[in-house]
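When the chains are written out, they are named A, B, C and D in that same order, and each has its own residue count from 1.
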Amino acid sequence: MVDTPLFKLNHLTICQQGKDQNPIIDDVSFSLNQGQRLGLIGRSGCGKSVTSHAIMDILRPPLVRKQGQAILQGQDLFTLSAAEKRRIRGQGMFCIFQSPGSALHPALTIKQQMIEIATVIEQDQTTIINAVEYAFDRMQLPIRCLTQYPHHLSGGMKQRVLMAMALLLKPTLLIADEPTTGLDVLTEQDVLKAMEIMLEETQSACLFISHDIRIVKRVCNDLLVMKDGKIVDRCTRDELTYRERAETTREIIDAMKVA
Amino acid sequence: MSAFTRTLRAGSIAIACCLLPLSSSAIAEESTHLRIAVKKDRYSVDAKKFSFTTRRPSAQIVETAVKPDANFKPQGVLFKDWDYKNGVYSINVRESIKFHDGSDFNAKAAIAALKLYDQGKSDFLQIDQTSFEQTGPYSFTFKSEIGSALVIENMTHRGASLFSTAGDRSQNPIGTGPYLLEDYQPKQSITLKQNDNYWGEKPAIEKISYRFIADDQVRLLALKNNEVDVIAEVTPQMMLALPKDGSIVVHQSRPIRYVALLANMHGKAPFDTMQDKRVREAIAYAINRPQLAEILFDGRGEVAKGILPNWMFDLGDDHVDGFAYDPDKAGALLDEAGWVLGENGTRTKDGRPLKLRLVAAYPNVSSVRPMPELLEQMFRSIGIEIDLIQVDDSGVYDDTYLATGEADLYMEFASNNNTDPTYLLYNLFHSKTPWGYQFTAPGKTVDALLEKARAAQSREEIIDYVRKAHRSIVQDELAAIPILMVPNFNLSRPGMEIPMFEHADWIDYGRVTVK
Amino acid sequence: MKLLSLRATPLGLNTGVILIGCLLLIAFFGESLAPHDPNKMDLIRRLEGMSWTYPLGTDHLGRDVLSRLMSGTFLSLGAAVMTAISILFIAVPIGLISAMVGGVVNHLLMRITDIFLAFPMIIFSLVIIGFLGASLNSAIIGVALAWWPSLARLVYTLTTDALAKDFVLASRQCGIGPVKLVIRHILPQILPPLFVVMSLEMASILLVLSSLSFLGIGAQPPEAEWGAMLNEARPFFTERPGLLLAPGLLISLAVMGFNLLGEGIRHKLDNRSPFRW
Amino acid sequence: MRNFILQRMATAIPTLLGMSMLGFFMVALTPGDPVEMELRRLGVIFTADQIAALRQEYGLDQPIFKRYIDWLIRLLHLDMGQSIASGRSVLEEFKTHLPLTITLATLSLAFSIVLSALFGITAALTRSQALGNFVQFFSIFLVSIPSFWLALLLLFIFALSLQWISLLGSGAWYDLVLPVLTLSLGSAATMGRLMRDRILAVMSEDYIRLAIVKGLSPTLILRRHIMKSILPPLVTNWAVTFGALLGGSVIVENIFNLPGLGQMALQAVFERDFAILQAYLLFMGLIFFVSNFIADLLNYWLTPHFREQSGSQGGTE
């Protein structure tokens, strides 16, 4: 159990097409165990989101993966066929992205977007409706939201809809890519609370990406610090004392203090 | 790639499969069914618009009182004979003729038919409606509203066909003709079938279909493709494009249509160049008519001395001299007129270059092309620059160039296709021209001659004045510079005999024979 | 980034540039390079096939087809350019005024645009030709009159976007005059995208003008405009299909050149990156 | 919904009035007297009085503004006057020519849509660079061929060389195969390019990313997420294309000798058949308006999220 982690990322390197020097992501490796919450922090533009895209294998051109493995439960995701990858996405891995405003399809009702998950988790209509209502209840979302379109919902609510999706999918690995960015402090609390509940229930391993050390400290036990596409520091939450840390980590902690 | 090409291939096969069964539907040749391609649908027998009606195809259904004979003199059809004395026309109609509905054609029916024309506003017969008098079962008299001696002549126009007043003309016109209306698809086709009870000699062809094909090119291709049997409207371009292998045969009448340049006789500067008769003569001498006759119209056109054919009305052509091709004389005339050849090959006078605007528009561009281009070259070679304007639109032609006189030369391809000898000359060259040719009308001398012709009371007298007016127009005044006289053409595949006539309306397609 | 997208579509853009370049060369030097006088008739050698004297054969009046094609390039392309310029001449002021003045004026101008937009191009040109008679000039006027509304709308949208930019707002608040504003801030912003669109439009304009000439209501023979040449060649279609093929191919190539150029530039400016699964 | 319709109707009235005015005056002011032209074609002698009487009969002696008002009033009774050239009523002429052109345009639009979907989806979704480039290039090629030239080539191949179809048409459905093909290839390519662009634009949206991470199948993403987003602009484009196809049928009707509206209008211009032309221009304006209106309604229904945000525009950007 300890020897073979649930998820392992090995030597991930990402470049722009045609430019092999200055990789965007430079030889990044880490691993996650069952139920582990790993925080990935760094300043904006350091490559955090690209990492999450790379793990889901939805990198957009001109970015290309130069090397690396992403092993989920013994399978290297990058070597799988498109159909097999699709089977892993959703229930094996799921990702909650930043900017909930554009994450949901604007012309489909929330219900439609929830229910289509049935095709992924292979449930019939009544079961899925029950499950959706249960998830909404857990996420403290009013049921009436179901018949509404995304633009009726606030940012926090939309993010909780995404959490509800995760609750339905119960992914083995969940990536939360800055889920609270752009939300006000109160909403942030709600979303984090919802996320806590969700993670508890799904028992997913979670890679939590944020530039905000305050939130990461609240959610995660273990931390990775990224700078210019490299992991520059690894520690647990409790080890995060100012003095001994790497320069980037100190900068981030400093930034927090000013704010 | 493969998926896409497969789809493409599958698609093309599917389309091919849809089309294949059609290839078997080769046109079944019915020897007594004649398919004629004409340009436009001019068939219309709407009762309300009666005046503008009864065009070519319907001519086989409803007959006229008289028709033009070989000399374009009226010859009786439904009228047996007639007499004009002291302003009164006395008519004897042919006996034992029945309308399609079985009713008798007699003096009463003829009067009723003629009275119909007064209901339409465009009554060109101008019969005094109150003057009709039935003098017997088959005879009657009437007077002209304007004292004209040419009413019978105007009855040779297909527009003056005599209808039965029974029934709805727009649905089923009732006449006395050799054919009955079978089917009419507006703008597509009209089909006629033989009238079994025709009073005259029965035609050989059982069925005639007219196909309306607006595009000249498609008409020709349709003949090549065996989809029609005869092309009734033939343009010079089509004649140039005839295949050399004899697969298409040309049928021709005697020459009737003239190609001529009308000169602007009264234009304001800069369109006043043609007022100098020497320039007009120079133009007349600069045209290589034999060469044009050889190239155009499959060599079937003739060098023209005038704009009226010599055979028509027994006119003869002694009264006109014509112009030979003599570029040197043309040059000398221009020199004499003060137009001196410059270094760049263009003549100038007082610093003004000799640049003439030539408008080619009538009847339309496609029926004169490529004559304007050929003329342009000939004029250029004697130092005249040509500003060639080809307008395929008679409205613009009339209003922009004719009515304003803003051109030097107007090229026209037309004909006197009426048995009224004064018809063309009066309409085109009298100063009061109803067609808007004020600028090309030569003036008083011609006006007087034409007025005398129209007022004259005997045909000989009329024709004598017409000769004088004609000479004045094409020789003395040179308001019209004649170029070619061209026959009326039809095209068919080999083995067909068409009884050609100069006026397209009077080609008797019922008597076409097929070998 | 720029280098990259260049490499992503080298073929199309380059082909377009080469095609247009060649055509421009022919347009400017074609008349002098042509082996014969394009209007010289050789009535004995009519409708001849390919030969050394007449590389593409002769037409129905014995004129050299190659020379006519070459000398017609200037006329054909020039007519399209003139049309494009006329369109811009109408569309840019109307779009600008509409966007900058706003209110009733905008409303009125956009309504007028709607009205013009509703008529099909060819019919519009036909009616104009009814006024002026068929000629290349009336075809140009007709096409421009039918075409400006869509461009005016584009100019309007671009200008509205440009006006919303912070620095434009700022200079507006500083009291800069409208003319100065247009010259200094608006035009630099709207012209580049407008030129990309015009390059694509040029392709369509060429097509429409040649269609009109082909129908006999644009350029008139003996002008060696490509569409008019096709019109002239049409009766000789079965006898000498080559007469029809050469001008048609040339039109297609020219149109394709402008299309490839426009698409190529557009592709270069486009930095969307779609997700794949 | 009702508000939306009413609002559209209200804005339509001045536009339609403007259209009718532009169409009427443009035609009525063209040089050339239809009566004179018709008389000359007839080939008989007329006096000036007779010409004046005819002008009066067609109302051509009235001042132009009065003619316009009269025309509008008669229009309300569907009386659009009479064709000078044929003598038939304009309505009758439309009844003769309209079905063919409408069929032609509708079939061409349908075929273009199918073909453009094939082009657009292939070009947008294929992973093969070669296939993508090929489809792109092919569609540019198709857009660049003049339709009249294509029509002539098709005619040459199928009617003259292979003799599969007859030149003049036999009145059967397959008469329309070549004209539809001619009309649709070009517009299919244009529409295909638009479709590809739209698909690629939508595929860069965050919600497609979510759909992918959800593990949805590509067909579901395409059918639901992508289609739902690309349809509105496409629908608007289809409406515009339909109008263009109707207007563009002039050329194919001319070449394939089909007696449609385009032929009618072309002939009417040359014959100064004012009544026909005026009715035709009004009709084209109406078609343009109605098809756009239908497109807007469809978009209104397709884009629930725009409805409340910008009610008046109905999401037709």
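FYI, a residue touches a chain if its C-beta (ideal position, glycine included) is under 8 Å from a C-beta of that chain, and two chains touch if they have at least 3 such contacts.
These numbers were taken from a predicted model, which means no experiment stands behind them.
Engineer: Measuring from CA centroids, which chain ends up nearest the centre of the complete protein set?
Structural biologist: So the chain nearest the centre of the shown protein is D.
Engineer: Comparing centres built from CA atoms, which chain ends up most distant from subunit D?
Structural biologist: A
Engineer: If you tally contacting C-beta pairs, which pair wins, B-D or A-C?
Structural biologist: More contacting C-beta pairs are found at B-D.
Engineer: CA centre of subunit A versus CA centre of subunit B: separation in Å?
Structural biologist: Taking the average C-alpha coordinate of subunit A and of subunit B, the gap between them is 86 Å.
Engineer: So how far apart, in whole Å, are subunit B and subunit D when each is placed at the average of its C-alpha atoms?
Structural biologist: 37
Engineer: With chain centres defined as C-alpha means, what is the inter-centre distance between subunit A and subunit C in Å?
Structural biologist: 51
Engineer: Between subunit B and subunit C, what is the separation of their C-alpha centroids in Å?
Structural biologist: 41
Engineer: Indicate the residues of subunit A shared as contacts by at least two other chains.
Structural biologist: In subunit A, residues 58, 60, 86 touch at least two other chains, as defined above.
Engineer: Note the residues in subunit B that touch 2 or more other chains, in rising order.
Structural biologist: In subunit B, the residues touching two or more other chains are 221, 224, 392-393, 395-396, 400.
Engineer: Which residues belonging to subunit C are in contact with no fewer than two other chains?
Structural biologist: Each of 129-131, 234, 237-238, 273-277 in subunit C touches at least two other chains.
Engineer: Using the contact definition from the top, classify how the chains connect: line, ring, star, complete or other.
Structural biologist: Shape of the chain contacts: other, as it matches none of the listed patterns.
Engineer: In the complex formed with subunit B, which residues of subunit D make contact?
Structural biologist: 30-34, 36-40, 42-48, 50-51, 53-54, 57, 82, 84, 86-88, 93, 96-97, 118, 122, 128, 130-131, 134-135, 155, 158-160, 162-168, 170, 174, 177, 254-255, 257, 259, 263-264, 267, 269-270, 272
Engineer: Enumerate the contact residues on subunit D facing subunit A in the complex.
Structural biologist: By the definition above, subunit D touches subunit A via 204-207, 209-218, 220, 224-225, 228-229, 302-305, 308-309.
Engineer: What does subunit B use to touch subunit D in their complex?
Structural biologist: Where subunit B meets subunit D, its residues are 1, 3-4, 7, 15, 18-20, 22-23, 25-27, 40-41, 44, 46, 48-49, 52-53, 121-124, 126, 146, 154, 157, 159, 186-188, 211-215, 218, 221-222, 224-225, 227-228, 364, 392-396, 398-400, 417-418, 420, 423, 426-427, 432, 434-436.
Engineer: For subunit A, which residues count as touching subunit D in their complex?
Structural biologist: 56, 58, 60, 86-91, 93-95, 97, 99, 102-109, 116-117, 119-120, 149-151, 162, 165, 169
Engineer: Which stretch or stretches of subunit B touch subunit C in the complex?
Structural biologist: 216-217, 220-221, 224, 237-238, 240-241, 243, 291, 295, 365-366, 369-370, 373-374, 376-377, 388-393, 395-397, 400
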